[in-house]
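Lettered A, B and C in written order, each chain numbered from 1.
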Amino acid sequence: MSLKKPHAPRLSAYFGVFAALMAFTTLTVWAAYQHLGVWNTPLALAIAVTKALLVALIFMHLRYSPKLTAFVVAASIFWLALLIIITVSDYLTRPWLPIYGR
Amino acid sequence: MADAAQAVAPEAPRELRHHFVDLEAQKEASALGMWIFLVTEVLFFGGMFTAYVVYRAAYRRAFEGASNLLDIRLGAFNTAVLILSSLTMALAVWAASHGRRKLIVLFLFFTILLGSTFLGVKVIEYKQKFDHHEVPGAHFVVPEGLPRQSEMFFSLYFCMTGLHALHMIIGVGLLSWLVAKARRGEFTRRYNTPVEMVGLYWHFVDIVWIFLFPLLYLLGRHTL
Amino acid sequence: MTNESRRENYLNVRYGVKSWLLTTDHKRIAILYLIGVTFFFAIGGIFAGLIRLELLTPPGDVFQSETYNKLFTTHGVMMIFFFMIPGIPGVLGNFLIPLMIGAKDVAFPRLNLLSWYLYIIGGLTALWAVVHGGVDTGWTFYTPYSTVYSNDWVVVTAVGIFIAGFSSILTGLNFLVTIHTMRAPGMTWMRMPLFCWGMYATGIIQILGTPVIAITLLLVAAERLFYLGIFNPAQGGDPVLFQHLFWFYSHPAVYIMILPAMAVISELVTAFSRKPIFGYKFIAASSIAIAVLSFLVWGHHMFVSGQSVYAGLVFSIISFMVAIPSAIKVFNWTATLYRGSVSYQTPLLYALGFIGLFTFGGLTGLFLAALGLDIHVHDTYFIVAHFHYIMVGGTIMGYLGGLHFWWPKISGKLYPELWSRVSAWVIFIGFNLTFFPQFILGYLGMPRRYHAYPPEFQVLNVMSTAGASILGVGYVIPLVYFIWSMRYGKDAADNPWGATGLEWQTPSPPPTENFPTTPVVTGKPYDYLTAGEKEVAVG
């Protein structure tokens, strides 16, 4: 119903996204070999999220879709976060309880 | 649906199913349905990602060591292949929305080719793992110098990439179905929903790999 | 009337098995579901009967303990995955959602048919495992028992549930898209019947939760087949992780079962008290709130599993919070009944039964959400009684109430009023006699899932078994008169209850296309004011 916005990106946008995705892939491989301490994984994930966003926004036309679609996507990420964060919170807090003799 | 056809006004387009007002409403419903389906896919893979997070935190050294046994060149190559296939898929959708029949077929064909390449490389990788007894189960041999829980890494590796590969196989099947339809000239400027929907699916499978690649192949490289 | 009954409708438009098995009409698919869920309900019911038979006497004298394990597993699997979850959405949801929002069909009719086939295939797969020896893990499939020690039919059952899970996902998806995109002109969200709101909330849970159980059961199957050890402590796996993943779905699944029943009750209460529903917005919002909260409380099934007590504390608090939207619903229903012109017809009898039994089940749920008390009653008959009050006293009451309410629309026939009232009372009495003693048994410490028990528990167990027999009779009566009414029942008028809602503005039974012309909605739902009150309202 709300198709007042442009329907789809220009053709050049696709090639731009492709180039960016390749560049990020190279970057993430390079970064994996660097000694960044605890930051290796967060950086890798940040790059992955950026790549995923590019794919979703341009290739999947999320940017040009109704708000409802964005809401649906947000819901999926939110629920995935619930699953992971709540489960992990159990594991993280297990050692908090002092057990005598341990 | 014989009687249903009568209910539709005579000038209604062939592709319009009887219970929709017009093609636009029909497409909107399809798109929403597809996105909701992708939500379920996110949570489907999400169960395994949760297991991954929990065990990786528990067995960090085993995971890093086992990850370094994966072939990063093949992994990176496959990542590039999949990204390229996403581009050709996006171009196929573009061609479909412009009613360019030959271009649709061409781009879909490239996408199938790249998808198959990915699967072929995956077969090579799996074979290496079998040869090195790195497949979890009865014949698993704990790699030298690694903790026993490296088996857990490979369990998750096979479950996650295996399920991803299954999605790729389904995707290739869907693309072949699209090629057949496109060659019959079924997609026009006005009606190209199937191409767009399969496109969404294909890009989603690509996104899953975008996460799998660093989480499985790259996590221990800095320790080398 | 006779002339009208010969008019073409969705039932007589075409005949033959093929016209049913290949139909894409949401109304016919609803009938297919009705047959399916009745079949699996009967199977689950028979197994329940066998369980109660064994528990009639203290020693395990009818079945061996292994057989008994298979009995309660099959009872649970059949009832939960193949009756409760597809029940109300499959039958009433399919039939009513397009009618209520003024659409010709659901958004994806062929997908809808596929859902039914997946459901039947999944159910038969699970049944196949039962016939060939059966599964003894309980419906929860806890690891490592299910992955290492139990028999291989676990895999088959898991696959059956996996397939049925996809059916559930596709149904939820279909309903969400239908409600979003197929509403008739003027049918805004705030004019939508509360039944649709309830089904919408159910759909949210179905699409967000079900994939997680699908992958979990797939991992269990893979673990059995390939010795992976993801949940096996011997290989570094954590069984509690299985429980997390399992309950991430299976707790919200409880709300997949109860939300549709609540949705039905909202319709029944307002129709039979001749009053607009009290607090429409609150009931609608509480459905969504329940759907969201349901995903935050799963750990209350794991208080004694070795889960962190801090996580347990948070799960406990949020579990208490679920009481808020649930209570909002109950208060609004009772407020609707208050000073209404209540007519105690069969659907309302079921609805009143629901309100009472659900409140009881809900309040005992608070006992179980309390960290300390739960340790005392965990895995006892207290919890068995609690969830049967919700599932049987809640969901089945809602399902039967809805089936009676819309039966004239579905079949075009009236059921016999006297017999239906009798059955409603028989079910209510039988139910309470079955399950109330189980609260006491559990509180006294009788554990669930054992085929033998100390002799001092016998009196209460005999009461429970006697109640189960009455309950069984209560379920057979409607089955008989519904079938009877299809042939011998009086023809139903288009709107036999004088209810509002678009579904009552079409003929009974409706034509294939539902409405001769697309309806236009101009006002709020549940416009039950009498003519005099309307004048006042206008003036």
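Assorted remarks:
In the analysis below, a contact is a pair of C-beta atoms (placed from the backbone, for glycine too) under 8 Å apart; a residue touches a chain by one contact, two chains touch by 3 or more.
It should be emphasised that the depicted structure is a prediction, and the values quoted were computed from it without experimental measurement.
Taking B-C and A-C together, the pair of chains sharing more C-beta contacts is B-C. Taking the mean Cα position of each chain as its centre, C sits at the greatest distance from chain B.
Taking the mean of the C-alpha atoms as each chain's centre, chain A and chain B sit 16 Å apart.
Computed centre separation for the pair chain A/chain C is 36 angstrom, with centres defined by C-alpha atoms. Contact of a single residue of chain C with at least two other chains is seen at positions 180, 208, 212, 241, 244-245, 248. Residue positions of chain B touching 2 or more other chains, listed in rising order: 25, 28, 32, 36, 39, 42-43, 46-47, 50, 54, 58. In chain A, the positions touching at least two other chains are 68, 75-76, 79, 83, 87, 91. Listed in rising order, the residues of chain B touching chain C in the complex are 1, 3-4, 7, 17-20, 25, 28-29, 32-33, 36-37, 39-48, 50-51, 54-55, 58-59, 136-138, 148-149, 151-152, 155-156, 158-159, 163. Of all residues in chain C, those touching chain A in their complex are 180, 208, 212, 240-241, 244-245, 248, 295-296, 298-299, 307-311, 314.
Across the interface of their complex, chain B is touched by residues 13, 24, 103-109, 111, 169, 173-174, 176-177, 180-182, 207-212, 214-216, 218-219, 222, 226-230, 235-238, 241, 244-245, 248, 512-513 of chain C.
Chain B meets chain A in the complex at residues 24-25, 28, 31-32, 35-36, 38-39, 42-43, 46-47, 49-50, 53-54, 57-58, 72, 76, 79-80, 83-84, 86-87, 89-91, 93-94, 97, 199-200, 203-204, 206-207, 210-211, 213-215, 218-219, 221-222, 224. Listed in rising order, the residues of chain A touching chain C in the complex are 68, 75-76, 79, 82-83, 86-87, 89-94, 96-97.
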